[in-house]
Amino acid sequence: MNAPKYFEEINPGDVFKTFGRTITEADIVLHAGQSGDFYPHHLNAEFAKTTPFGQRIAHGTLTFTVVIGLKACRFNPVAFTYGFDRIRFPKPVYIGDTISVLATIVTKQEDPKRPRFGRYIERVEATNQRGEVVLVCDHIALVERAAPISQPD
Amino acid sequence: MNAPKYFEEINPGDVFKTFGRTITEADIVLHAGQSGDFYPHHLNAEFAKTTPFGQRIAHGTLTFTVVIGLKACRFNPVAFTYGFDRIRFPKPVYIGDTISVLATIVTKQEDPKRPRFGRYIERVEATNQRGEVVLVCDHIALVERAAPISQPD
Amino acid sequence: MNAPKYFEEINPGDVFKTFGRTITEADIVLHAGQSGDFYPHHLNAEFAKTTPFGQRIAHGTLTFTVVIGLKACRFNPVAFTYGFDRIRFPKPVYIGDTISVLATIVTKQEDPKRPRFGRYIERVEATNQRGEVVLVCDHIALVERAAPISQPD
Amino acid sequence: MNAPKYFEEINPGDVFKTFGRTITEADIVLHAGQSGDFYPHHLNAEFAKTTPFGQRIAHGTLTFTVVIGLKACRFNPVAFTYGFDRIRFPKPVYIGDTISVLATIVTKQEDPKRPRFGRYIERVEATNQRGEVVLVCDHIALVERAAPISQPD
Amino acid sequence: MNAPKYFEEINPGDVFKTFGRTITEADIVLHAGQSGDFYPHHLNAEFAKTTPFGQRIAHGTLTFTVVIGLKACRFNPVAFTYGFDRIRFPKPVYIGDTISVLATIVTKQEDPKRPRFGRYIERVEATNQRGEVVLVCDHIALVERAAPISQPD
Amino acid sequence: MNAPKYFEEINPGDVFKTFGRTITEADIVLHAGQSGDFYPHHLNAEFAKTTPFGQRIAHGTLTFTVVIGLKACRFNPVAFTYGFDRIRFPKPVYIGDTISVLATIVTKQEDPKRPRFGRYIERVEATNQRGEVVLVCDHIALVERAAPISQPD
């Protein structure tokens, strides 16, 4: 089991770098099957040749799923996802591309409504083997405090 | 094949309602397998009993994948995803919950850098069978214009 | 949700053309896993080299599943499958082939036993990227009438 | 490896009975993923309550895939599928139903165009644990002759 | 259904040879998803280039699963797995390798505690298309006796 | 990325306890699909009622795969699997059982043929939510030494 990492131990500038993972044709087939999105950009090699990309590309939701999943190899039992902001896909992901993720804590703040928790924003940036950024987003997380903030009466 | 729906034909207030889909234990198992996220909140029924939810919950990335996939049953060959903003998960998704999606066009604007395209923001709201909202986000899309805007010289 | 299309609106000669979809090695592996058919024609690349085809081929049930599934992108809530006749596989499907489907209404008739329904036969023809037909069958469907036929007493 | 069973050894009245297999919710989820058919009759438990069946039912193509797959546990290296006739689905398959297959050789005939092969038709009947028939079809197969028929000159 | 094969009918020197099966990239992706093992040796093509193998290799548990599964095409309803000894992986399995299995009964003995059963050890050896052994193990099985040994009183 | 843990840092008595994971019906269906083992003990709920277990049980290779996969959440880039000894399955795993793993280093020794490596044996014990042991085995691993042993000339 992983040790908890509390709000007090998390600071802007902290970085975490994940393994890389190669996106395969099988991943795209499985993602179509899970999402129900069988658009020809992802599943039709002939159609894909006629697009500006010239080949099939990964679903945005697949890239997002793999990116967030890569981060999950580091489990913090006291942190919880609140949401995600500004998800962008600067470059497409092709079959055979290998993606790794760099996550950087960018801000940290008290959560006025939850004295036992703090909140941080983590900039998530996924890069392929050519160094191109393929996904960015801000991950907003709640994390328990080791010591709850004292509440004025 | 679906007919294209151009920027000029898309207007704030347009709504689209999808089928519903039941999230099964199999979906969660498959999503763990695709994402690599085997956190006990999703995969460990005994642990889950000890959480505030009292049972296993779907991964946020699974809910997001299914929600965006449900929208994919309506294919517009001239529209492209630019990104997603403000993804939030107001309520958990449990095994057996049935989710459907209401998408509403909220804004529409020219894209100064791309005269052949316009941009719209679609509010995506996913609701379970109890009427509770389980995911909201803003989907930002680019869509071709039937007639490109004339460029001043 | 899709609008219903009643018996009265369906006529011989109506055609429907689907997206194309590329059959991948992953599809064959998944189909072996779903069907339990691990015959070496589908799963053993060395054996397959010794057959007249010279390579692995898709299961007939996989091709059939994908073909019928491609048609499912157009949902008619008042139509129901009654059965299939004369399924034939004129050419094999290889890994990497892209299949699309043309469905043509060929006959339409009252259903004496079901006054609220009519019946139609749809010829389903799946073609690969070289224009070769890889599957044909007749799909027999029941569809609700907008107005039930009056019953003589 | 299985021994070949030639045309001369196959006779009307021969029967083959397979194992049974329980159709699970996971099978339906996987089949939706493979076929792309996410119709609410199969994937939406709330909608399914409102249908005459009162619950989700298996895809016809799933039942067909499992039935033909169950037969594949007996491999005959000299037999080949030619096609299928008269596929019917007399009763729905529900989650948790267990299906087994009885295959009976019904006819056998020379194949005038292929002196090295004969042809047989096998009646395939799948039954659930309540003894109800859920699928019938005729499987048409080509099978090598131990001795090719002599060709008159 | 398969006929039972009792302890008395099983003898040292008996061999069984299975079909071959090609290990695909999809198999590795699916195995990562089932096991939760996303190590870069299996899933990261860029990393794998830097290892002594120069490419991705199958998980040991995947090779083991496929090898034992290949043997399962011959079902003996009166035999049960007791355990496995000395599993070794003399050579790696690469994507595209085709594996087949030779199983040889090596010993057979009474099971003093279970008069209705005997025990045998089966040497399992899996070979790739280059004739290299990729997995060996000893499979220990219990099998019913046609005639239980008489118990002295 | 995980820091390497060298031979010198690994000692008999070291223990590692994993997360738990619930074995679902979907896991068994997926494992049948990956292994090709569709035996009725795993896939046929009606047959399973007639066995001493009274219900379907997980494949031994599935339990083994999950157990070894659970250990993979702790990646040591300088350790390699050599093999497994004495795999036993003292109790069956049922659908819904939750398994966790305790791994204990039991021995550690030089590897005379590989001066840069040492070898350790890790006792792997998987337990269900009732505290029953469902799998034991010995995992034999090679691990790099921080300092290679000096070679006499």
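Just so it is clear, A, B, C, D, E and F label the chains in written order, and each chain counts residues from 1 on its own.
Here is the rule we use: a residue touches a chain if its C-beta (ideal position, glycine included) is under 8 Å from a C-beta of that chain, and two chains touch if they have at least 3 such contacts.
Given the structure is predicted, the values throughout are model-derived calculations rather than measurements.
Asks: Supply the minimal count of touching-chain steps required to go from chain B to chain D.
Replies: Tracing touching chains, the least step count from chain B to chain D comes to 1.
Asks: Mind checking chain E against chain F and telling me if their interface is mostly the same residue numbers on each side, over half, or mostly different?
Replies: same
Asks: Looking at C-alpha means, what's the farthest chain from chain E?
Replies: Max centre-to-centre separation from chain E belongs to B.
Asks: What rotation angle superposes the Cα atoms of chain C onto chain D, in degrees to the nearest 5?
Replies: When the C-alpha atoms are superposed, chain C turns by 180 degrees onto chain D.
Asks: If you average the Cα atoms of chain A and of chain E to get two centres, how far apart are those centres in Å?
Replies: 38
Asks: Quick one: report the Å distance separating chain C from chain F, using the average Cα coordinate of each chain.
Replies: It comes to 44 Å between the two C-alpha centres.
Asks: Just how far, in Å, is the C-alpha centre of chain E from the one of chain D?
Replies: 29
Asks: What positions in chain A touch 2 or more of the other chains?
Replies: 19, 21, 24-27, 29-30, 33-34, 36, 38-39, 73, 75
Asks: Where on chain E is chain B touching in the complex?
Replies: The touching residues are 30, 32-34, 36, 38.
Asks: Which residues of chain E touch chain C in their complex?
Replies: Spelled out, the residues of chain E in touch with chain C are 19-22, 24-27, 29-30, 73, 96, 98, 129.
Asks: Give every residue of chain D touching chain C within the complex, in rising order.
Replies: On the chain D side, the touching residues are 21, 27, 30-31, 33-39, 60-62, 64-66, 68-70, 72-73, 75, 81-89.
Asks: Along chain F, where are the residues that touch chain D in the complex?
Replies: Chain F reaches chain D through residues 24-26, 29-30, 33, 38-40, 43-47, 56.
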